[in-house]
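Note that subunit A is present in both complexes that follow, paired respectively with subunit B and with subunit C.
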Partner chain A sequence: MSAPGSVAAATQALLTPGRLAAVALSLLVLGVLPLILPPFDTLQVSYGLILGIAALGFNLLLGYTGLLSFGHSAFFGTGAYAAAFLVKYWGVRSMEAFIVAGVLASLLVAALIGAVCVRYTRIFFGILALALSQVLWSLALKLFWVTGGTDGLRVPTPTLLGGAFTQAFGVQTDKTAFLAYRYYYYVLAVFVLATTVMWVIVHSPFGKALQAIRDNEVRAEFVGVQVRRYRYVAFLVSGAFTGLAGVLWVPLNGLTTPEVLYWPFSGRIVFMAVLGGFRTFWGPIVGAFVYNYLEVWAVSATVYWQLVLGVILVALVLTMPTGLVGTAGQLLAWLRRSRRA
Partner chain B sequence: MDTLVIHVLNSLFYASILFLIASGLTLVYGVMRIVNMAHGNLYAVGAYVAAWIVGLAAGSFPPAALFLLLLLGAGAAALAGAILEPTMLRPLYRRPEEYQLLVTFGLLLILEDLLRLVWGPYPLTASAVSDTLGSITILGATYPGYNIFVILIGAGAAAALWAFVYKTRFGVMLRATSQDMRMAAALGVNVKRVYVQAFTIGCFMAGLGGAVVMPISGAVLGMGVEALILAFVVVVIGGLGSLEGALVGAVIVGAVRTVGITYFAEVELALLYLIAAVVLFLRPAGLFGRA
Partner chain C sequence: MSLLEIRNITKSFGDNRAVDDVTLTIQRGEFLGLIGSNGAGKTTLVNLISGFFPADRGALVFDGHDITRQSINERIRVGIARSFQLVNLFDQLTVLDNVALTIFSRQGKTRWLWTLADRDGAVRDEAVAVLRQFGLEAHAPVLAGSISQGERKLLDVAVAYALRPKLLFLDEPTSGVSTREKAPIMDIITAVVRAEGITAVVIEHDMDIVFRYSDRIVAMHQGAILASGSPDEIRRNEQVAMTLLGTHADPQG
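Let's turn to the complex of A and B:
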């Protein structure tokens, strides 16, 4: 049996009718949301999709390779600042140019940080990624004549697909309308593409090798997996995904500040993955949506929103370590078993 | 000559504060294999409690007594540690270390806002302590006396910690637990108690650092998060889990910060991380790390 054939067979086994139906239904719901929801909530869904991409990228390391990075703000921020620099210094307004530049820039940053970090595992990996990501933060903060310092850089609404949308549907100058409709569908399309790519990656032989490294590094090495090289590639892919999320985030937010490079932002990405459940593929995406709503709610409800989120995180780790998706899966399995009994 | 003396003293001053924070972090890691992300916030707790108590007592207490009141800041951080370890960390020792890191990150968020809740969003200061010492002339350079006091506290704390870990019976148990927790438990060491004691001492050191720095820089929100990153750089350079490493790392970082702030303030932090990266490249476990 040839390797590609077995992969195709395995893929077919994974794409059960039930799963495909669930994905189709989710896509349908996401597709009609802007028609039902008020613009504010559509924007929140956009934020959820974007943070979902970031968490998905992050989870390739935590969930699939077993590396907990506390430095992913570096990639998110690099994506955001790459777009902002294009606007400020070259007058570029094309979203596609932002994406190309942002992903390339975050790949470069991941290549540099990863070269040091993947030599380590466990806690060392985490705090090293954290410390190195703070180099970028301190530069963004201190080199204010380039980066705008704490004020950050503004990013106006970009043109999508070279203005094809605008020509097809007539010019809409209202920013909210742009963000809540055209930009929402743009983000959704990129999200679907990114999720598909990530799904293929984690189910590919490469993804399986990463999981082997996660479960037992020594055995993986014995089977012939080049552990450090695989970790490095996983780090690059992870950084590129999180960078992509940063690029998509910046037109929505309209502004990028050093805060997205500061390490508590990395903590948020970690939070999302844990909230949804990092042992599952969909967990981080669910976690990103829920976290975003949770934060919006907590910030509007109290100035002590960090306290609220901290209590939730501690409670989650102590009582629900498999996250929302993991716990839901366990409940479902338990229900099935009790029905059979 | 004057500038040189002042630079050296400033370096030692930063190094003292950094050592107080980093030694606690490294002690906790060495014994319990936990990196406490809330460690910087315990440093902030020390600063806030000290500022609050000194603020209440200033005027009614003789200035000399105010110095002793600073210890209450360290005591408050130690108390917080003694409560947090059994309640928050103990249930997680059997879980993968990611969870331990996460729970301490949650504690960081909680402590950060608790400080805001109790003492409000504005900085607290109590310079009555530092004012009493005036300034001292050393080798022709005029230098604040309180900073000298902080340097002495840092040196004293390093000596006391060394004697404690290497010369006392408790220190033996501490090192035994650090090297092989199961074997130590099998030989009759009460590991649970050693853990809570090590964590409490670690928090005490952080709190002491916060308390002694408070008369100079005040107690402000965000000081913990900032201090944590610098402490990480110190322990990464020195080697996580090594007290000697924390001392040497603190001196290096203190010196680089002093020179950096004066001559190249823009890239001072970046340079520190670069040094940490170079050290790790040459010696993966840090200068004094074991593995």
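Let's turn to the complex of A and C:
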């Protein structure tokens, strides 16, 4: 039985010691960062983690199901506005309530948009998602007595875990300190949880079915995978993840405006996934970090930041078509081969 | 005992009657060769039976079920599977996962989001066993897009076979491979199909292959059935000889 054993070994290489070590090291680094970095930089890491969740959700569709959505701002914005509405209309301050409401609301929006979009593929899918997301954007803009219009809605510092942290430490710190420490670790915990859940989903039989649809939808149908139904479920999961990111983002930003519902924000999410490498699991997360840092750096460096950012991003994509993580993987494989030779 | 009854099936594309009032019974356990020149309606007939598109008229009764109006998925559940003329695989998945996916699907496990596919030992063992039957075991961990054309043709059949069908359609299982590779591929396929008692319908342009492996041959011409019989009967049939076999200039031959 040695032959089947070797096959098993090859397919169970998902959790190699090397990969586990890389994950553990990354977690360690993320864990000690707030102790080393100035608060401003810690906040940037938070933004990176949050955008990473958004890009991870987006990539379930692009990388695993073969559907390019230009409308993911709809889910991010829904998450953000759901939290803001809880504050404005019910006076709720609990972060957990924000998350439950935001995820449920983005699931609802995904259920509606997805019901229309998953009937189509390729450019038709992408443009339809874009168009429907812009309906939400225009609502946020026009219904200003509800949504605050272009001024947006303020979201003050939330209580985490029913205020358990505040009481445990017994210190009232200012907002920056709250965001750079307690909120950072909260975001990190949610990020780890969300990433783990997504990792399991893409490696589940369901995830395999999505990849089969991506590779060959006709054949997928002929092995009994009901393509449209699976696409719809993937759309819901994707929307919920990006919605969760929107919820986490809003206390950090302190404010939500229609900008997060506007289509350029969808474009950013697309870019993060492509920049990091949408053919890999970790690519979108890395892409989100790098994109966020580049944008912050470009804004502080020049008034022509959009131009500079555009040139850098085009150069990166042209030189690394498989993205940062894809290219790194190829380099590693090449190094291993040349060492063996 | 009949497994599939095709009654007066008709399908037109515009003015072209691709399948014209075909009535045919497929017997349980037989290995049926379906021959005819390009455009005779062979692949259209298979598409109608597997549910790729609906028939304009006629009825299909499979194993006692009326499947005329059933979806692709419902037809798979009652036991109809097919391979494809142009290889149709999941190229970015491994050879093993191509077969494992079929097994997950058959067992209803593709609805599972919370288990790791690679940790399902029973499915993996079955997938490895299927690959072994088709001589593809050594390729299990590589991507399906990276194996040779002959191996891809076999994997295409293995993916359909892993659905454990009662009736398996093989649309040109040896097209696009060298003459030398054809017989070994057919040997493997027929060995598996006969060992499991699966009823098979094979569309093939290579007459040597069809006459060597089929129990019965059905010849189609311009959407209709020209003749049906044992290989010897078909060989002696004058109409078939004139329209199909006589023209050995057949580009696909």
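The working rule: the second predicted complex is superposed on the first by the 324 of 341 C-alpha atoms of A that agree within 3 Å, B and C clash if a C-alpha of one lies under 4 Å from a C-alpha of the other, contacts with A are read in each partner's own complex, and residues count from 1 in each chain.
We take it that a contact is a pair of C-beta atoms (placed from the backbone, for glycine too) under 8 Å apart; a residue touches a chain by one contact, two chains touch by 3 or more.
Here the structure is a predicted model, which is why all the values come from computation and not from measurement.
Peer 1: Between subunit B (first) and subunit C (second), which does A:263 come into contact with in this model arrangement: first, second, both, or neither?
Peer 2: first
Peer 1: Check whether A:130 is in contact with subunit B, with subunit C, with both or with neither, and answer first, second, both or neither.
Peer 2: First partner only.
Peer 1: Using the touch definition from the top, say if A:224 reaches subunit B (first), subunit C (second), both or neither.
Peer 2: Touch status of A:224: second partner only.
Peer 1: For A:301, select first, second, both or neither according to whether it touches subunit B, subunit C, the two together, or no partner.
Peer 2: In the superposition, A:301 touches no partner, neither subunit B nor subunit C.
Peer 1: Of the two partner chains, subunit B (first) and subunit C (second), which one does A:29 touch, if any: first, second, both, or neither?
Peer 2: Touch status of A:29: no partner.
Peer 1: Should A:333 be classified as contacting the first partner (subunit B), the second (subunit C), both, or neither?
Peer 2: Once the two structures are laid over each other on A, A:333 reaches no partner at all.
Peer 1: Identify the overlap between the subunit B-contacting and the subunit C-contacting residues of subunit A.
Peer 2: none
Peer 1: Name, in rising order, each residue of subunit A that touches subunit B in their complex.
Peer 2: Counting only subunit A, the residues touching subunit B are 62, 68, 70, 116, 119-120, 122-124, 126-128, 130-132, 134-135, 138-139, 142-143, 263-264, 267, 270-271, 274, 303-307, 309-314, 317-318, 321.
Peer 1: Give every residue of subunit A touching subunit C within the complex, in rising order.
Peer 2: For subunit A paired with subunit C, touching residues are 3-4, 7-8, 10-12, 14, 200-201, 203-209, 211-212, 214-216, 218-226, 230, 237.
Peer 1: In the complex of these two chains, what residues of subunit C are touching subunit A?
Peer 2: Touching subunit A from subunit C are residues 50, 72-73, 76-77, 81-82, 84, 88-94, 96-97, 100-102, 104-106, 109-121, 124-125, 128, 137, 140-141, 159-160, 163.
Peer 1: Under the stated contact criterion, what part of subunit B meets subunit A in this complex?
Peer 2: My answer: residues 29, 33, 35, 88, 91-92, 95, 97-99, 101-103, 105-114, 116-117, 225, 229, 232-233, 236, 240, 265-270, 273-274, 276-277, 280-281, 284.
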